[in-house]
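As structure tokens, here come the structures.
The two complexes that follow have chain A in common; it is paired with chain B in the first and with chain C in the second.
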Partner chain A sequence: MLIEILQQTINGLAIGGVYVLIALGLTTVFGILGIAHFAHGSISMFGGYLTYFLATSQGLPVLAAIPVALAAGILLGVLVEVLAYRPVRNANHINAFIVALGLTMMVEGINLQLFGHEQVVIPTGLSRVFRFGGITVPELRLYVIVAAIVLVVAMMIFVERTKTGQAIRAVAENRDAAILMGVNVRTIPLIVFGMSTALGVAAGIMVGALFAIAPGIGEGLVVKGFAVLILGGLGSFPGAILGGTVLGITESIAAGFISSAYKDVIAFVVMILVLLIRPQGLLGRAP
Partner chain B sequence: MSKHKFTRACAALALTLVAGSSLAAEKKLTVGVADALTGGGAVYGLPQANAVKMAAEEINAAGGIKVGADTYKIDVIAYDDKANPTEATNAVRKLIDRDGVKYILGFCCSGSTSAVASFIGNEKAVMLVGNAAERSITTKKIPNLVRTRPPADYTGQAAGTFIARKGQKRIAVLGALDVGFYAQYVDSVEREIKKAGGEIIAREVFSLKDRDMTPQLTKIRGLNPDAILVVGYVEPAAFVYRQAVELGMNIPRYGFTSGSEEQFLRVTTSEQMEGVWDLRPTELTLLSASKNGIAYHANYTKKYNASPSPSSPYAYDQLYALKAAIEAAGTVDNTDAVAKALRNLAVPPQVVMQYQPVDGKMFDVNGQAYTSNGAFQWQKGKWVFVEDLPSDSKAYSQFLSTLN
Partner chain C sequence: MNRILVLLPWLLALALLAVLPQVLSVKYYLHLSILALIWVIVAQGQNLIQGFTGYVSIVQAGFMGIGAYGSTLMGLNFQWPLWATMVMAPLITALFALATGYPSLRVKGHYFAIVTLAFNLIIVIVLVNYSELTKGEAGISNIPKPWGGNREAFYYLALALAVSLTGLAALIARSRVGEILLAIRQNEDLVAALGIAAWKYKLFAFVISAMYAGLGGALYAHFQGFINPEIFGVAQSLDAILAVILGGSGTIAGPAIGAFLVVFLPEILRFADSFRLILYGLILVLATIFMPIGIVGIAKAAFARLTRREAGHGG
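Let's turn to the complex of A and B:
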């Protein structure tokens, strides 16, 4: 029994890592700019598709394709901010909401046109399996967990320890005060979108390597990402990390010990139960 | 014969030929295809649509369909039903109402096919079902519907006997069990395993979109089964095979998926697939194929630059069966006569699948065709046909006739 619980926890950690990266991207944009960026999942899938394209059609090694896709992600994030969200920044919130929905459909359409309708799996060549007692950990899952941890730590250091990070937090706390303190608030959204999209692309690459990328998967991922946001607490970085991990492990344990038929439902039931006890989410601040 | 008489004879012959050719016109027969061209079902639907188009080109090149003095060249219109019942209904309505199509082929997936089957009996059209394996499609005695693929439980019975013969007693099932025909397959397997003193110890589920099966496999691993049985669409099934190896499950893996080598290798490696069994109708693999099958495989690969899926000839065979039925009925307009001719048809020589006729006919009284069943094993990157699975098509046909 203990072995099974540990194995299910390890299983859940890999997908939990993906949820954390998606949720961090969403919470950054939502917490700082107040935008529910629904296109985040589709853009993540674009990153995964791009990596697949570079690795298969262009013959790049996967390790070389990943930084190219991440850089393209940053650029795409900046473009999305400038072309899609900046024009409606000072308008009613519903405008940004509609832009987000339209952008989702547009990116899904672009993915379909550029990469086709078939599912693709990013070829990593990582097929070894490590065994610790009765627990097995596929090499690829281990690297995904490690990569997720590295990215989360890097992002936390960037936000907490750098001047740009301080500026981002200042804008999130009080935009007017940040302007008075000399923060260049025009560049902050660019940085936020660049960072958020890079995290999303990283998540897309992980999904593409662990499982598969296909039309429609991004939408499912963004729904899970928002669920994590609510579970962890809106706008909270530690909340997104905890929420994503909890959701991943809960899904895995629920499928293993209750029923695989209701895997998604059970995860959302847990989310609702948490919100009944803590409406602000696990680590969110009470209003 | 004098020169004058000879000239008159030639002129008369020329006149006869001209008159004859104006009567025996070349006409166009449009057939429709409703199938999953995108989405999860496209692994089956797209190759089916391709197969129909290829058969149409072959028939046209060989002179078309001959009905009395007329020759019909086939034109194919294909619509994407996304394996979705609503989309399939819309696609077929569009084919019948707008395009004026009387013959509709394709139909890879059971949910969408059942939706169309529910109203096709009221239409002046003939529906030829391909890969969709849900049993109830041919239990409703719909006179203008036939199906080339046998129902899943017909195959499940043979598969259960095979697994029992291998000596495994405790079988764990992981599959798309919320899909009727997969559940029917497993029920049939279970009946045969129980007869041999075995049991199904777990029935775990995955959905079409699931790609992470490790929670279910971890649970199954904890139950220590003798073997696992995987029933479902190719893509999720491929993840099950891959992740079972990653979890260190070194037990026999049986399946009911009908995926091609190419489709599996998009997800798994050949090493991860080594030894996997697929217990299914004797569909297309190079080693099990007839001469027609080998030619089909080569032509399809050349035309589409991809291997055909094993189940795609169900649709290819539909068009040859339709051609033979139209020619036998001597009409393209009277769909009742063509539907009746289909029920009385001997297996046409051009078909790819190895059908087991019932009373000498390709389709039984229910409109159901039967192929032999086979055990295929993944060996060094290929599906290898290992043996026939004994199946009694006549007995099953009688059983099918008793159902509503």
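Let's turn to the complex of A and C:
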């Protein structure tokens, strides 16, 4: 029983890492621009497909395909910001959300055109399995957890320690004051979108390597990402990290002990319960 | 004089819709028109919460699913007559909306949208997996149709319901409740500061909008004779949002026009086939950027400019 719980917790950490990466991207975009970037999940999926395509039909080694996919993702994120979100910046926020829904359809459609309907798994060739006592940890799952931790730490250092990061936080805190202090508020959104999309694409690649990617998974990913934000508290980095880990482990234990068909339902029910008890989320500040 | 001018387009549209089955020679268009009328009901419901109250709900198709499965399963399992189950469908949907609206209306804006979307996903997951009751992904076929499947009769049923529910939406919009809903959209904090319990009004709008969807879903089930979970997915909830935006958010004619567009537009775009999803998304993005007030909003502005110019000539 204990072994089984530990096993599911390790499994949950890997998927939790994916959720944390998605949620960090969403929370930065929301914090800086007030946009619920719904197309984030589809772009992550696109990044996963692109990696698969480069690694298989183009014959690139996976480790070379990943940076190319990240770069393409960053470019796509920046384009989306400039072409779609910037025109509705000053309109009602809900308009940006509807634009995001339209973008989601477009990315899904383009993805279908380029990569077809097939469900794919990114071939990593990592098939060793480590054993610790009674717990088995596939090599790949371990690397995913480590990569997620590295990315989260790198992002935290960027946002907390660099001058650009300081500017990003300044815009999130008070846009007008940031402008007066000489922060260029036109380039900040580009940096934010580039960074968020890179994290999202990384998450998409991880899903593609760990499980599989198929058309339509973007929607599930982004909804989970928002569930994490609601769980952890809007705009809170520690909240996103805690929320993502909690959601991943809950889901994994629910799948192992209750029902794998209903694991998503259980994850959403947890989110709704948190909402009822603490509308501001686990680590969010009271409104 | 002005009043007649306002009513005239409505009367014209109604007259056109009333004779439509007599002039349509292609039966497929009659089929699409019935679907469009069902979508008018669904979109009017969506407009109550999205357009008037300013809360974008993404569970409208999920609620359609509850109405559709509710009516169908009551008929199958309890042998209740079709009319009884169709009346029960919106009531059952209302119960679900009460249970889901209470927690989700505690958050605003995007987060309300996401929570309702999660509900839509839950509804589909349950419909797929609870297959002892719902027959899972394969769906339920041979659902009884009224009048032995006579399309023309069904058209007039759908028309009568769409017209009366559009009228009801107009009545709600003009009532005190409608004014409070609009005020919530403009400034919810101010409404609360005036001592009005905003949550009651929001919940009311949400439940009524769900009942519209539930009835729409039941009509859909008994018109098509076949339902499966996929029909009630998030993509269709997005169609409801699109109908409201394209037609004109927060207007009465808007959702009706938008509903016809979302049913006929994919047919028109059929030539684009696999590019349809991309085009559809592009239309949504461009419409939101360039015509956020929708077709009705643009028409009203044009009409106002026209009458002003004429008045200028007269003076």
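Basically, the second predicted complex is superposed on the first by the 286 of 287 C-alpha atoms of A that agree within 3 Å, B and C clash if a C-alpha of one lies under 4 Å from a C-alpha of the other, contacts with A are read in each partner's own complex, and residues count from 1 in each chain.
Keep in mind that, in the parts below, contacts are C-beta pairs under 8 Å (C-beta built on N, C-alpha and C of every residue); 3 or more make two chains touch, one makes a residue touch a chain.
All values reported here derive from a predicted model rather than from experimental measurement.
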Q: Look at A:Leu275 in the shared chain and tell me whether it touches chain B only, chain C only, both, or neither; answer first, second, both or neither.
A: second
Q.
After the superposition on A, what does A:Phe226 contact: first (chain B), second (chain C), both or neither?
A. second
(Q) With both complexes overlaid on chain A, does A:Ser252 touch chain B (first), chain C (second), both or neither? (A) first
Q: With the two complexes superposed on chain A, say which partner A:Asn95 touches: chain B (first), chain C (second), both, or neither.
A: second
Q. Which holds for A:Gln113: it touches chain B only (first), chain C only (second), both, or neither?
A. second
Q) Thinking of the overlay built on chain A, is A:Ala261 touched by chain B (first), by chain C (second), by both, or by neither? A) both
Q: Take the contacts of chain A with chain B and those with chain C, and give the residues found in both.
A: 220, 261
Q) In the complex of these two chains, what residues of chain B are touching chain A? A) 38-39, 42, 178, 204-206, 209, 211-212, 214-216, 218-219, 221-222, 235, 239, 245-248, 266-267, 269, 271-272
Q) In their shared complex, at which residues does chain C touch chain A? A) 54, 56, 103-104, 106-107, 109-111, 113-115, 117-119, 121-122, 125-126, 129, 234, 238, 241, 245, 274-285, 288-289, 292
Q) Given the complex with chain C, which residues does chain A contribute to the contact? A) 30, 36, 84, 87-88, 91-95, 97-99, 101-110, 112-113, 219-220, 223, 226-227, 229-230, 234, 261-262, 264-265, 268, 271-272, 275-276, 279
(Q) For a test of understanding, state which residues of chain A touch chain B in their complex under the given definition. (A) 1, 3-4, 7-8, 11-12, 15, 117-121, 127, 129, 131, 136, 138, 141, 210-212, 215-217, 220, 251-257, 259-261, 263
